[in-house]
Each structure stands twice: as structure tokens, then as C-alpha cells.
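Pasting the structures here.
There are two complexes below, and they share subunit A, which is joined by subunit B in the first and by subunit C in the second.
For the complex of A and B:
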């Protein structure tokens, strides 16, 4: 059972990584990040099986979900500001930091 | 100046110096200030020479038959050699001074008319004055260094004037030839001067020849080192006075203007050789004198035979000049020192006159030629004839000059030529044996002279005009030309008569020039020879002249132009051709060879060096460009590439950074797993 969950988690992670690396839209990149976070949360839930007494895994998952939501909000705010500044949300076009 | 000289003597010397410097001043003015083709130049030069002549007369009156004047000043010192500059006025120099100016003046006046309209009029007079300066200086300087310098300067002036019409190919060749042949003599003269210096440690003529001790020493010593410089001086004189074998430049020198031929190549410069012999006369040992006699005699005879058949008016006169110079040289050789100088003076006047007459004739022929568009040579006597009627003054002056040349009584030539021949006979008597051939050849030459000058006169002035025979329709209108032609000619004609030289027209011993130089070589009474010579020449004048008359005017008979003797004479004894074939050709070949060597070997070597240099240069350029520059370029390229490579990571693209990070982590994991 655990193996399947871990495999799904790994699959989600990979998909998330792929989306993060390949998409040309910051919103989609944010979605990829959410997928990676979800993969990690799924792993937390899956490994919660070894802590049935305190349900530590599940608790951490809830925390993580909340943090992910907050992070997503902050990221969206950043994206909005980026858009204001550059009139685009393509992460490749936003490369002023290199200089 | 020498302070010990009395006041009047200093004045005389100053006058002589001014006489020499006047033509130089005229020459410089003509070169620098006077506009080209300006009429001023002719008169300027003429007045300068007139001034020289007046001064020369004054100097002459002071010095002639008086003790010689000598003044000198230190010029420069090289080591122990001390060279002075000074003048030496004795009988010889003042005679030459007077003679040169007296001949130059009529030539100057004549030239004003003769060169009228020439586009190099001013330059002509500058050259002519320059020549007069050099010639006058030549006769009065007192040391051999200056003598040599002015000797060269007269040669140079002659070179300039022979090639005066330098656009003519022939004139250029002629002046080159004259220059080169004179160079041979000049080298000999310089050698002689240096040998003499080695012997006596002085260049001063007065110390050398006026000092009786030296003269006596030279006279007694039959020394190789005395003979040799004498021979060198003789060669110098041979070249300058156009004697065999260096005579061939003079006929060619006739390419210059006729007035120049009259002054330089008949009267003065060619006589400079004889003057030189007279200046250093005591130097000559008996052997050198013998050579001098033989060369003079042979040249006189040879040139006279050549003059018999030439057709060019000026060439005939040129060979006649050579012949007469031969006479002078022979006279010097047999010891007839004073007769040689007498002949020099007499010859200067009558030969100058002959040339000036020839100039007038050629001028008229040229005029006719241009007027009627004829294709003739204006100097060819075959085209002339019957001109006597139209040009009476020229005709008469020419007859007087010719009689003087022949040595007819009452002319100057009679005095001088008889003197030479009589003394030659006496000389041969003293020597005995075969030496009689020398005076006999002299007499024979005199007879030939009668013939060739008669031929010239008859062909030019008498008979029928050959031009008219060709074109009977037109009328000849030749004339004597302007008074500037006539007056100099009449002046010279008067100078060719006996009164100028002697009160007695038959006895050369009475001539003042003869007395001025009398060394009394032959004290024996020369009466017998006097009669013989006078008779043999003067009696034969009429038959020989008649013979010529019957050939050239009556045309009773003519010479075969195919006979050997005629050919030898006509081709000038083949001497020029001989020189051309034996010397000139080989020298040209050597010239070509050296040119080839120069072009191929010397230039080749240099080109090789040059090409090697260029090749090395190219190699260094290549090395520089591709190896040294290449290294640096490569370094910069590497650095640039590295920079570019490293810069590539710095894209500013968040996704790339993330990708890199992941890749590194994957690599670390992989490495950790397998190693």
C-alpha cells in the first residue's frame, strides 16, 4: 500500500518538477509548485502509517497544507507585483536579476 | 703681391690681372644678369675683350724685351708642399696675351653678326668670354697647378662651344670626342707635373725654368726622370694641339659655330699646346725633341695630304690647322723656338681669317639653301663656285690669308714658315744622314699646302657656280654681309701681312718676335737655305696654283677617285676608322660587358640581398601575425570563450537555475550511489 502511495507521490513530484521547469507562465509554475508540495504532503500522510498513536504524519500534513496555502497566496501576490512591473508573467522574461 | 716690386711694376701686374678678369666679369654678367637673347651680351663681351686688349697692349709695352715680372702669393700649404698663386710676365706671356686678345676681339665682333637671331645668343657670349678668361689666365700664370687648372678650363670652354648647338647629334658626338681625346693628354700632363714636382719639389715655373741653375741641371742631365716628365708634357701638347695620333678630335670639332672654330680651334686653344712646349722648353731632352720633331713633321705632312681631298670647307681648314700646328711642333723639335712662336702668332691671324671667311661663305650658302629650299650641305665646296664676284671682300681677304698660309712673300707666313724650314735644314745638316728627310717633308708639305688651298679658293670663288649649273633659272644674290663681318676680316687681313711682324719681308731674322725669343741656336749663316727655301716654295706657287686652276676651274682633267692614294687621303688615312675598330669598339664592348656585369652581377647581388630581406620580412610578418599574434589571440579567445561559457549560467532565468540545481543534486546522488 505504502509503495503505491510513494510511487504516486514520486509521480506527482516529477510532474510538478516538469511543470515548474517547462511552463512559461508563472501561474502554471505556481501550480507545479503546489503539485510538488502535494507530493510531499502525500508522503507525510503515507509515512503517517508508522505513527498511529499520535498521527504525527497527518498533523504535519495539515500544517503543510495551511503553509502551502499561505505560500500560494504570497506567491500570487508576488506574481501580481511582477506583472505590474514587467507587464508579463513569463518567468523567462523576468531576468533583470542577472546583471 | 710681392712688396719688393717697384710701383710701376705692381701697376703692370695689376693691369695684366684686370685684363684677364674682364672677360670673366663679362661672362658672369652674361650668365647671371643679361636677359637671354639680349643684344647687350654681344657688346658687353666685345667691350670686355676690347678692354683686355688695350690693357694687354699697355702690359706688352712695359714688359716686352724687359726683365720678366713675377709676383706671387701663398695659396695653400699641404704638409711641406707649398703652392703659390701668381703671375709671371715675360716675353712669351705678354706676346700670347696680346695675340689672344687681338684675335679674340675681331672674333667677338664677328660673332655679334654671325650668331644674330640664335636662341642661345647670350649663352654663346658667356661661353666665349669664359674661354677668353681661361686662355688669358693660362698664359700668365706662374705655376704648374694653375696652369693645369686653366688648361682644363680652356678644354672645358672648348667642349661647351663645340657642343653649342647641342640638339645636333653630331655636335654632341664631336664635343664628347674632343673631351675624351683631350683627357688622354691631360692625364699625361698631370703626370708630368707631378713627376716634375717629385724631382724639384716645386710647381713654380719661375723657379723651375727661369732659374739658370735648374735649367743648366736639366740641360746636362740626360736622366730618365727628366726625360719622362718632358715626354708627358709633350703628350699633353699633342692632345691639345691636335697632333698625330690624337688629332682626330679637331676636324670633328668643326661642328661648333664657325666663329668658335676660328678663335678656339685655329688661333688660340690649339696653340696652347705649342705655348706649353715653349713654357717648359728647357725641360726637353734630345730624345723628346726628336720625337717632337718626327711627330710634328709627320702630322704636318699627313694633315696636308688629307686636306687635299676633303669636300667640307671647314674640314679642309681644320686639317690645314693641324698641318700648321705640326709645323710649329716640328720647329720646336728642331730648336727653332722663336720661329715656332712667330709662326704661332702669324698662323693665329691668317687661320682665324680663313675661318671667318669660311663662316661668311657658309652663312650665305645657308641663306641660299633656306631661301630656295635646296637639299644641299652648305659647307660642301662642291656646291660652291663663282662666289668671288658676289663677295669681293671675302674673296680678297681669303686670298691674303691663303697667301700667308702658303708662305708667299710679303705676308706674315713667309717670314715664319721660311724660318722654320731654314732652321730645319740647318738642324738636319748638323745631324747629317737620314735626318734630311724631315726638312724635305716640310718643304713637300708646303707644296701640298699650296695645292689644297688653291683648290679651296678656286672651287669656292672661281669658275662657274655649280648651283647655277643645276638650277640655271635663278640668280645668285650672295654678298659680303654686314660690316660686322667685313671689319674684323679686314683687320685680320692687315695683321696677316708682313709689316706687323718685320720691316724686312724676306728675312725672318728681322722679325721682332723672332728677336724677342732669340736663343741663338744656330749661329751659322743660313743664307744658302734661305734662297733655296724661298725659291723652292715661291717659284713653285705659280705652277702648282695653275695646276689646281686647270683641274678645278678649267676642268681639263680630274683625279681618279678610285686610286689608292685618293682613297687614303679622302678617308683621312683611315685613322678614325682604325681607332673605331681597334679602340672604340673594344672599349664599347668592355662598356657593354661592365654594364652587363653591373646589371646582372652587381645589381643581381644587390637584388638578391634585397629579395632575401623582403623574404625575411615577409616571414617575420607571417610569424608575427600568425604565431605571436596568434598566441595572444588564442589566449583572448580562450578567456572569452570561458567567460561566455561561465556567463551562460548567469541567465537570470529562474527555471534554468532550478534545473541546474536539480541536475547537480541528481549527479551528487548518482555519484554517491555508484562510488
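For the complex of A and C:
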């Protein structure tokens, strides 16, 4: 069971990498990042089964979910600002730090 | 029976993630991401982490996906333009490097996992022998609450302050500016 969970996590991670590298839309890139985070959380949970006393895996999986939520909120605010400035959310088109 | 459900859930996770990667339509990929998250919550239940599974459903499906739909609708016009000029094929030339990186990294990861043999790791064998493994009849929610307030109090506080900072920052970034400075 543990090996299969790790293999599923590895597959999810690589699909996330592919989405981040290939998509030309910032929201889809964000979805890829969330997939990568979910692969990490899956690994934490899978190993957390073997730590009943301290329960480290599940606790840090909760922390990771909270951090992913915070990252999504900030990233979407940035995406909205980029859209206001450039009228596009293609990451390739965003190439200036100031106006 | 359990094995069948487990493998079906794993297949749904990977297949819906692949659909997210393959689909041109942003709304469709967001909703396939929804399916991925639900199936992942099922996998968490199989790893005996029911509280994490519930949290996943509440935070991701209730929070992150709604945020993504909002961002999609607020930046709608550009997406529609992108849809019309996008190429039809899944594997076009500009996606080849990304595909190459992803597949090679997958090969490395799978090779490492199979070579490491996670079920035979020393600390996992030790915890299995000393009865430190969560069994399906255990109720882990009180344990999580107690350890959050004692052993993991510092990371808990740090993460809560970080979340507050991130939300204030997001609200500050997303507000309407009256005048440019």
C-alpha cells in the first residue's frame, strides 16, 4: 500500500511539473503548483500512518494544506493585478517589473 | 474489495490530473482538478488520515477552487482569445521540453521508489513491530488536536501568523487603487 501511494504521488508530481512548464495561462500554472503540493501532502500522509504516537505526518499535512491555501490566495491576487496591468495572464508576456 | 477501491481511486487521481494537463478549456480543467482533489481525499482515507481528508475537501474545494473560479471569471476575455488561437494537438513542439522533463523526472522517481522498497525501510519495520502503526479502528482526531496544542504548538502558531499575513497581503494586492503613486 505504501509503495503504491508513493508511486501515485510521483505521478501526480510529474503531471504537475508538466502543467507548470507547458501551460500559457497563469491560472493553469497555479493548478499545476497545487498538484505538486498535493503530491507532497500525499507522501506526508502515507508515511504518517507509521507514526501513531507523535502523529507528525498528518499534522504537517494539515500545515501544508493551510500553506497551499495561502499561496493560492496570494497568487490569485497577483494574477488579478497582472491582468489589470497587461490585459493578459500569459506568463510569457509578463516581462517588466515596473511600469 | 478494498484493493479494488484503492486502485480505482488512484486511477481516477492520475487520469483526471492528465485530463487537466491535456484540456485546452480552462473551466474544464478547473473542474477536473475538482475531481482530482476529491479522489485524493479518498486516498487520504485509505492512508487512515480521515481528518486530513475532510480538511482537504473543505479547504481546497470550498476555498481554493472558488478562488480559482473567481480569478477565471475576472480575467475571462483573454482566456477566450487564447482558446481560439491555441493549437489543436496535445503534443506540439513547444511542449516537447516540458514533456521530456516530466517523463524523465518520473522515471527517476519511480526508479528511486522501487529501489528504496519503502515497505522494508528500517524505521517502518521498527514502528510496525512496536505497534506504532495507525490501525483502521483508531480514532485519530483527538490525538491530532492534543498534539497540535502541545508538541506542534510552535509550527501551529507560525502557520497561523503566516496565514494571516498572506491573507492581509492578498487583500492589499487585490484592492482597487484610487490613484497611482
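Operating definition for what follows: the second predicted complex is superposed on the first by the 96 of 99 C-alpha atoms of A that agree within 3 Å, B and C clash if a C-alpha of one lies under 4 Å from a C-alpha of the other, contacts with A are read in each partner's own complex, and residues count from 1 in each chain.
Keep this in mind: contacts are C-beta pairs under 8 Å (C-beta built on N, C-alpha and C of every residue); 3 or more make two chains touch, one makes a residue touch a chain.
Note that the coordinates shown come from a computational prediction; the quantities given were computed from them, not determined experimentally.
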Is A:21 touching anything from subunit B or subunit C once the two structures are fitted on A? First, second, both or neither. both
Report for A:96: first if it touches subunit B alone, second if subunit C alone, otherwise both or neither. first
Of subunit C and subunit B, partner touching more subunit A residues: C
Need the overlap of the two footprints on subunit A, from subunit B and from subunit C, as residue ranges. 17, 21-22
Help me check something: in the complex, which residues belonging to subunit A touch subunit B? 17, 20-22, 29, 91-92, 94-99
Okay, in this complex, where on subunit B does subunit A touch? 650-655, 658-659, 662
Per the touch rule above, subunit A residues touching subunit C in the complex are 1-8, 10-19, 21-22, 24-25, 27-28, 30-31, 34-35, 38, 41-42, 45-46, 48-63, 65-74, 76-81, 83, 87-90
Residues of subunit C touching subunit A in their complex? 6-7, 10, 13-14, 17-18, 20-21, 26, 29-30, 33, 36-37, 40, 43-44, 46-49, 51-52, 55-56, 59-60, 63-64, 67-68, 70-72, 74-75, 78-79, 82, 94-95, 97-99, 101-103, 105-106, 109-110, 113-114, 117-119, 123-124, 127-128, 131-134, 138, 140, 143-144, 147-148, 151-152, 155-156, 159, 162-163, 166-167, 169-171, 173-174
